[in-house]
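Two complexes come next, and they have one chain in common, subunit A, joined by subunit B in the first and subunit C in the second.
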Partner chain A sequence: MASLEIRNVCKSYGSVDVLKSINIAINHGDFLVLVGPSGCGKSTLLSMIAGLDEITSGELVIDGEVVNDKHPSQRDIAMVFQSYALYPNMSVEKNIAFGLEMRGVPKAERDKKVESVSQMLQIGPLLKRKPAQLSGGQRQRVAMGRALVREPKIFLFDEPLSNLDAKLRVDMRTEIKKLHQRLGATIVYVTHDQIEAMTLATRIAIMKAGILQQLGTPQEVYDTPNNVFVASFMGSPSMNLIPATVVAHQNSVAARLTSPQGNELILPLPQPERYQTWIDKPVILGIRPEAITDMSSAEPNNPWVFPADCQVDVTEPTGADVYVLTTLGGKEIVARMRSNCGAVVGQKTPFAFNMAKAVLFDPQTENRI
Partner chain B sequence: MTNQEVKASSSRFWRVLIYTTLIVFAAFYLLPLFVMLITSFKDLEELRQGNMLSLPQNWTIAAWIKAWGSACIGLTCEGINGYFWNSIKMVVPSVLISTLLGAINGYVLTKWRFKGDRWVFALMLFGCFIPFQIVLIPMSQILGNLGLAGTTTGLVLVHVTYGIGFATLFFRNYYAAFPTELVKAAMIDGASFLGIFWRILLPSSGPIIVVTVIWQFTNIWNDFLFGASFAAGESAPMTVALNNLVSSSTGVKEYNVDMAAAMIAALPTLLVYIVAGRYFVRGLMAGSVKG
Partner chain C sequence: MTHTTDDWRGWVRHHLPKLVLSPSFAVTLFFVYGFILYTGLLSLTSSRMMPNFNLIGFENYSKLWQTLNWQVALNNLAIFGTLYIVICGLLGMFLAILLDQKIRGEGFLRPIYLYPMALSFIVTGTAWKWFLNPGLGLEKTMHEWGWTSFKFDWLINSDMAIYTVVIAAVWQSSGFVMAMFLAGLRGIDSEQVKAAQLDGASAVQTYWRIIIPQLRPVFLSAFVVLAHMAIKSYDLVVALTGGGPGNATEVPATFMYSYTFTRNQMGVGAASAMIMLMTIAAIIVPYLYAETREQRHD
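The block that comes next holds the complex of A and B.
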């Protein structure tokens, strides 16, 4: 059963439409991550789920019940804010227990719950301190404790890790993931970090300018992006987007690319029936850097791997791999090769294109074909 | 001299100049206080000799005792103590009520914004700057209609009304810098409108409460016009009584008693500054830097 349903939700501030007909449904236990560039309306959507912002039109359904007109405290949700929003005048213990106290939970029971949550988050020794006496990571834990102790139907997180340093962010990310697996809770999580989105989510919703671009599992979103925006937003380094032309080739269909030297590169496309109507038309070929490798790292039994000699422009070693840059169709493209692949700048080297992973986009609408 | 020495000596010069100026001004302002103090400790005999600036030959607190308990104000000769309590009875409720209302207004104007809230705030600010004289007649009419003419309660009402404007201004600016996310978090936690105010905002408002209390206390305690206009006779506040004491003494002018009474009248505000002055500056800064 759907735990949270967002039906045709719109939001406008005066004449500005911030959210345009958003439709999302997630099941109990799902970890939904909302990603998108700054200002695309992620926080606004989260606020509307929490009930802190009014919905202009559409319906918000939690466990089968429309909650549009319910006060935030009656929606059975808990929220972790980017700034943590810990009450500065209360000790950690009081902070965590405040929601229970407001709901009239007796003191003895409150203490027991605070105790078990503080054990789970390892903040026992901090209970008597004020928020000002905590480090960023500790504050983050307390903020999570405050949400956990209420055992709500849905957890809402608004960029909870963005105030932490890089190392701590990775640690806390793992911890949130463990927590989700242990509690089986339903979570809606806002971030603009696509790595955070990929690692945490069971479902990703990518937004841009108030419009939902794609909703799917991390793998779906990564492998079959709906449009050019999603393709370039998810993944780092981002997907290569190469201007190409669809051509008929040996009873099938292929993409034709041109190198700077004027050579033509013909790369056969899987699922030729899909592209029949596109023959002799321009398209954008999307292929991720890890789908372009050196010959020896290519999958040997994959019939869709095609070699092509290309001029190496730049090499960027990362330690484990080396990113090899070349130019195709007038665009700089990135290939991910083994660090000992022997690519030399200025010389030609064989690139192996795994066309099974390639996708095509309409250059006009930028949607996937 | 090296460059550095030149710099050092010139900065030294400015320092001396600044401090000298400050000391001169401080002395200038402190001189009347000094004269008041030493006069209040002299006896009448010594006053007659006319050495205003000389220290008392026989220190005595007789003038203070007389001012407090037996000086004549109008027809009664019971000192100013009754009026002192009048002032206390006026100032304490006025300060508490106007501060509390100001705090609630500031809370609503920043965290529960509504259509037209800017106008409400602008009108309140406008209220701060209406000259007292303009409202005297309508105010006395209203107090008369309410049956509060000539009472301390009436005076409290007047001061609360006037005080709300400034109190609201202070709290609004302070709460504007208070993170709204805390209010949202408390809403999700299930705290009510007043619950959020009492449990979250008010406990973090120490500095601005001090500022408002000091501001209101000194203004209301020192007010003369409203006191003289709306609370004559028995319920007059300290300032009015002091004026009557000074102007109504018959026969020999007892300057020492007048000065002692004036000192007594000034003590509470002085005390408030000494106790809370540190927080006053801190509170003003907190409001202005972040607001």
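The block that comes next holds the complex of A and C.
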């Protein structure tokens, strides 16, 4: 267990800046998930935490100590690689014990630790096998065992579940979560899967092109995204981003949207003082699909729920819910309704907009207002 | 009319690959396998200067094993083969590991090690003959530079001459072995090396415990290639020492040539050729068998 601080870390390969002044700090026992599109520098950041890659500038601090110049073996960090990187010539047992052996732990103690880790991960019967004789999920467990057995200060995971099938992925996700709760370990975890990110993280860092876009709890990131990129990256289906205009409305402030028929839709905004300077200016209204519902699923006592009739373009049933698509402000938007909400394609249906969950973005800078 | 030309075209298209391949197939069948059988037959006859078909059973073989020259040849092969394979293998692996350190100028260094392989053994042998000749090469140069006590006469020393063959052969082949190992090293997942680093393994431990054990197939391939080159080595010995001084560097291949074609003992020469064939087969057949079986497993 340890705290980790990344201070102004930059990384360049020649003239290419891969990471640009990253600042992240997490505490003991935090589960930090790094997400971002492919090539944004997640793995690079992870390698730099591990010490496998040199930092171009900036500081890496573990437990208050700058570790920039420490060799990976001395940072007391364990990593689970995407390819698992098990040593194919060694049995599972030897794979797990290798790190202890290299650190001069006596054989008897090694055996005991391997035993307890294999029990925790339920890989006892596999100990004598070679990695080639294991399934993907079993390999993944062994890779985790190899990290766990050393009881390091920090665990790093680089897309550990991306090679598994969907079912196993969900199971392993739960297990990693349990493991984190049981050990209280500090974890940095890279993933492409945002459900994984939301379920596992205590803090999420969203990156794009080497720049940190937002760092916060999953709820913060989800409810109050810093910019349009974060808003559209997190959540599935992603947040509706509707071109709108801020207008003065009944002593307060509202967003004005236009439907394809030319009708205007006025949706009052909470925290009017925030948007005073934006009156009569164009903005992007961000609202999550689950904040647009049918009337009966809307929160009845929420004063910020506003009904509006909209034309239904498409319905996409998912079983539990139905995604109802309509067009507003020239954009297709998605609402999440109950499956028996009675929306019929081509007809008008009342949509309930929960404006308490709405956010506004500056269309120029794409930052949240 | 057009119908028949179409037929003819179709026939050609269908049979062209076979037509093209059949001469080389026939030639291989005749010159390789035909002559193996022919040599096998000759080894059972009393052929001396010219082939005859007077069968005498395995007499040539028993004569062969009683020939002192053959024993010298086998002895030399044992020394040469062992040293050649071991040194080439270790040196090749060592060079490959050095080159694998992402050093600058790898693109420049790699061909330097590989170029000797492009030379024929005759050229290698001749070059090393000049270089090692005491009156011509290294020793003379050292004397001219003032190191008059320098002595390196292995080439004309019957106890040491076989080692000059080893030196020249290693020079020629270790670059090739290096390339084989380099390919093997490049095939290893770099994340394993990173994992080993995090596990606290030093570079030596990483190679010794994790990387080299994974190169087993490379060792096997290198062994097979080097072993059969060692057994059939002829041109290098001829160019470098001519089998001499005396018969000090006689190897089975030179023995076979001289008995078959210059000493009028064709039957014995053929018998020695069969022994060489069987030795090579004993190495290669299990290897091929293992390879094909592995492929079927995959």
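The rule is simple: the second predicted complex is superposed on the first by the 367 of 369 C-alpha atoms of A that agree within 3 Å, B and C clash if a C-alpha of one lies under 4 Å from a C-alpha of the other, contacts with A are read in each partner's own complex, and residues count from 1 in each chain.
Everything below uses one rule, namely that contacts are C-beta pairs under 8 Å (C-beta built on N, C-alpha and C of every residue); 3 or more make two chains touch, one makes a residue touch a chain.
Note that the structure is predicted; figures quoted are calculated from it, not measured.
*Asks:* Clash or fit: what happens to subunit B and subunit C when subunit A is overlaid?
*Replies:* Once subunit A is superposed (C-alpha atoms), there is a clash between subunit B and subunit C.
*Asks:* Which partner chains sit in contact with A:Phe81 here, subunit B, subunit C, both or neither? Use first/second/both/neither.
*Replies:* both
*Asks:* Regarding the shared-chain residue A:Val314, is it in contact with subunit B (first), subunit C (second), both, or neither?
*Replies:* neither
*Asks:* Let me test your reading of the model: by the given contact rule, A:Ser73 touches which partner, first (subunit B), second (subunit C), both or neither?
*Replies:* After superposing on A, A:Ser73 lies in contact with both subunit B and subunit C.
*Asks:* Just subunit B (first), just subunit C (second), both, or neither: which does A:Ala248 touch?
*Replies:* neither
*Asks:* On subunit A, which stretch or stretches are contacted by subunit B in one complex as well as by subunit C in the other?
*Replies:* In subunit A, positions 47, 50, 52, 71-73, 77-79, 81-83, 85, 87-89, 98-99, 102-103, 146 sit in both the subunit B and subunit C interfaces.
*Asks:* Could you please specify the touching residues of subunit A with respect to subunit C in the complex?
*Replies:* 47, 50, 52, 71-73, 77-79, 81-83, 85-90, 98-99, 102-103, 146, 150
*Asks:* For a test of understanding, state which residues of subunit A touch subunit B in their complex under the given definition.
*Replies:* It comes out as residues 47, 50-52, 71-73, 77-79, 81-83, 85, 87-89, 98-99, 102-103, 146.
*Asks:* If we count contacts the way the header does, which residues on subunit C are in touch with subunit A in the complex?
*Replies:* 189, 191-192, 194-201, 205, 209-210, 213-214
*Asks:* Show me the residue ranges of subunit B that touch subunit A in the complex, using the header's touch definition.
*Replies:* For subunit B paired with subunit A, touching residues are 179, 181-182, 184-191, 195, 199-200, 203-204.
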